[in-house]
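See the structures that follow.
What follows is chain A paired twice: with chain B in the first complex and chain C in the second.
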Partner chain A sequence: MRAFVAGFGLELRIVRAAPDALIPLVTAPVFALIFLSIVRESGRPDLQADALMAPVLMTLWWIALQNAGNMITGDRWQALLEPLLATPASLASVLLGRIVALTCLGLVSFLEVWAIGELVYGVSIPFEHPVALGLTLLVTALATAGVSVAFAAVFVLTRNAYTFTNSLSYPLYLLGGVLVPVAILPGWIQPVSSVIFMSWSADLLRASLKPSPIDDLWQRLGMVVLLGAISFLIGRALLFHVMQRMRAKGELAAA
Partner chain B sequence: MTALATTVNVMHHAFRAGLADYRAIFTWKSWLAGWMVRVIAQVAFFALLGERIGDDQKTFYLLVGNSILVAALTGVFSLNMTTAERWAGTLPLLVASPSSPIIVFSARGSYLAVDGALSALAALFIAGPMFGMDLPWPRVVAVVPLTALVALASYCFGTFLAGIVFRFRSINSLVVLTTHVSLMAACGVNVPLSYYPDALEWFSRVLPVTNGLLAIRGVLDGADPATILGDAALEAVVAVGWMTLALASFNQLASRGRRDGSLDYGA
Partner chain C sequence: MGTPAVEIEELSRVFEPRKKPPVVALDDVSLAIPPGEIHGLLGPNGAGKTTLVKILSTVLLPTSGRARVLGHDVVDETKAVRPLLGIVFGGERGLYWRLTGRQNLAYWGALYKLSARETKARTQQLIERVGLAERADERVETYSRGMKQRLHLARGLVGDATVLFLDEPTTGMDPLAAREFRTLIAELRDEGRTILLATHDMVEAETVCDRVTLIDRGKVVATESPRTLGQVISRFQRIDVEGVDAAVLGEIRALTGVSGVTEADGGARIEVDEEGATRVVLGRLVDAGATSVKTSLPSLEEVYVQLIDDRGLEL
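Right after this comes the complex of A and B.
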């Protein structure tokens, strides 16, 4: 837990000094305007709330994935990886803390899309189930960080993490039903979507904006947490093995 | 060696260096399994919104717009080159050499225009049939050069922006991403130009993508050839305009960097 808190604090200080990690916050309102313009121009105002929620999920994933991809590589280039591994703290916990700090900041996108919707089109977020909405955003931020740790471990093995971070954005938005419910996807893809935490998050977010009661709220929230936790544990095990291998082969230093 | 031969020689080597860069990022396998999967997912993501809206015409509109946008997004990546040179420590050397930096940069990143056009066409010809879109043969062949024109215009625009980033490198990533979403929002990719306020519609006409995309939509919809050629000509004018601006500004910006010592790695 101390490693997690230390990682969280470290990332906040890094972002304060170099806020590049938060650039997706600049694009979130533009995506909201794009999605809103599509549904409004098509005469489907009933989809406006969904159009506002999609950029929030996209921003969370984008911030987490881009930075998870670069975190270990960046530490390696700055010769920080060796001292970091020499400490008794778990690298996975430090990483989780760092990425959770970013995903928490990524939640600012919710306020951005709310504001831009109001300002440009006079469209507000319908707070039909505010507690469910808040809880869904919170567990989504945590699960996103958990999954990103797993990806961070995989990225270390690649010769160019950029190739993968750049390639994993839209496939996940699609499979995660970020803008269009998974039910619209072809039947053979749907089982894949059901093991992606984002599909549960996206469905819950949409449900929390509709007046009808939300079915199985706690089970669905639990599923998001469970999938995020499983991913984190896989990532932790992967990271351990990857670091062991790099230590054994003397590959920790970038040079 | 004549000045022209020297320039061609520099461009040839710069192009080869660019290709080597690209090969360091992608292999054929990672290009197909990574990049192309992402591109098709991106196009399908928007096309599915059309399906959800329940309008086939909207689905096809989004599919065509977002396929062609891929050419622009890749072309605009050229503005990353100055930052890449800086990280590699070669930017001061490049500026100190007798060749103009714009010649090197314009040739070095030109593979991006080729990659952009190929990616966009692959997206259109794979995602189109997936969503049941009719690609009228042989008219659809005209889409190939038009897509190449969009990629080229976007590349010229990206080269101009690279000159700006030359001076303000800390905003490189910000410029790349905001340019991407701005082109997506303002160029008639997702909604017709008539949906925008007049001022934005006029502004979008000087951006790459807008006119070329209108020409491509015209080809697919069976529009009058004169209209298609008019839009294509406008896209070409936009390409020439951005490259002219790049030529006019790039060397001056580089000279300023040389004067105030802001070109090296630590600046």
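Right after this comes the complex of A and C.
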């Protein structure tokens, strides 16, 4: 827990000193406008709120993945990885803390899309179930960070974080039901989607903006947390394995 | 003697870089450091010092052999070893440049599981101890090299470790800061800590260490007292001189304790191999009206050769 807090505090200070990690926040309003225009053009004003939620999820994912990929290699290049591993702290927990700090800041995108909807099209977000909405955003930020720890380990292995980030994100937006609900995708995709935390998050976000009551709210929130936690644990094991390999090969320090 | 603070048994490490021949960085190194000792690890670049420090710090695996810190194996018992260690790697990297010195320390303090309050107090205390109080709230990127080194040192101390590994900690420090650093090392020993100090600086090893292990190409050459080392260093001085004629040089060549005179354009280098010979040679050169006289220490390699000769060993 101290390691998590250490990572969380570190990343907040880094962002305050240089906010490059949050660049995806710049694109969130742009995506919001694009999606809003599309649903309005196609005569589906009922989908306007959904169109605003997609950029929020995309921003969280983008911030988390892009930075998770760079954290270990960045630390390695700056000769920070070896001293970090030599401390009693768990690398996975430090990373999780760092990424959670970023995904929490990424929630600012919610305020951005809200503002841009109001300002440009006068579309407001229907806060039908504000508590469910808030909780969903929070657990999504946590789960996104958990999944990113797993990707961080893979990035170190593949050494090409950038291509990886790019090629992974769009299928995930699809499978995660970010833009269109999974329910309207071909049937065979649905089982795949159900193990992707983002599909649960996306459905919950949309449901919390509709007047009808939300079925099984707690179970569904629990699913997001569970899938995020499982990914984190897989990531932790993977990281341990990767670090062990680098310890053996003498690759923890960059030449 | 109880459990040694550091115990190294037949440790070897071979690197196998891609598309290059393997490198034997450590070759059958054995060494024991009792608690409370400042132990020097002296060797030229590429001798294997950093490799040894990394293995002891749990961030590199040995190819064979074992090492223990306060009785705990550095390969199998990393959980037990890591809280005991403070590590200072040399160089300018290893810090978050965009953060302030204080923020850097706060992060590392938290990694050593200090509470927020403890971290704050410890950080302030260390900042003062290493002399960074005035600049602690400025970004590290504005620090001089020497200041970064001092911050490194503070980072190594933030976990209040009983065993400290310092790898070339004074590189980039000005002489004054280096002297303060040596005082600090002595204080740390007085607090009961064990220190392994890797360096290529003979004088540093001689002045701060209780014992010095000399390594070269991955092998231990000898473990000596700093006194022995100091004697060799002062015995085998060199004198570079300009503005004396060949006759004077011939005369000096014949003095006892002069092992060689090599003439080079306009000047000469005189090597001595006896305590006291330097003084005699210098006197003679001044009398002869030399225009420039400069003494220098022998190279590390020469000291090695000499120590090995003294013991009748072969390389």
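Throughout what follows, the second predicted complex is superposed on the first by the 255 of 255 C-alpha atoms of A that agree within 3 Å, B and C clash if a C-alpha of one lies under 4 Å from a C-alpha of the other, contacts with A are read in each partner's own complex, and residues count from 1 in each chain.
By our rule, contacts are C-beta pairs under 8 Å (C-beta built on N, C-alpha and C of every residue); 3 or more make two chains touch, one makes a residue touch a chain.
Values in this document were obtained by computation on a predicted structure and should not be read as measured data.
In the overlay built on the shared chain, the residue A:V120 is in contact with neither chain B nor chain C. Of the two partner chains placed around the shared chain by superposition, neither chain B nor chain C is touched by A:V131.
Note on chain A: of its two partners chain C and chain B, the one contacting more of its residues is B.
When the two structures are aligned on the shared chain, A:L47 is found in touch with chain B, with no touch to chain C.
In the superposition on chain A, contact of A:T87 is made with chain C only, not with chain B.
Of the two partner chains placed around the shared chain by superposition, chain B is the only one that A:S167 touches, whereas chain C remains out of contact.
Contacts of A:V5 after superposition on the shared chain: chain C is touched, whereas chain B is not. Legend: residue contacts after superposition of the two complexes on their common chain; A:L185 is shown touching chain B, with no touch to chain C. In the superposition on chain A, A:V30 makes contact with chain B only, while chain C stays out of contact range. Residues of chain A touching chain C in their complex: 2-3, 5-6, 9-10, 13-14, 17-18, 78-80, 82-89, 94, 247-250, 252-253.
Every residue of chain A that touches chain B in the complex is listed here, in rising order: 20, 23-24, 26-27, 30-31, 33-35, 37-39, 41-42, 44, 47, 160, 162-164, 166-171, 173-174, 178-181, 184-185.
Remark: chain B residues 24-26, 30, 34-35, 37-39, 41-42, 44-46, 48-55, 58, 62, 173-174, 177-178, 180-182, 184-185, 190-192, 195 touch chain A in the complex. If you check the complex, the residues on chain C that touch chain A are 13, 15-16, 54, 57-61, 79, 82-83, 85, 87, 89, 91, 93-99, 103, 106-108, 110-114, 139, 155, 159.
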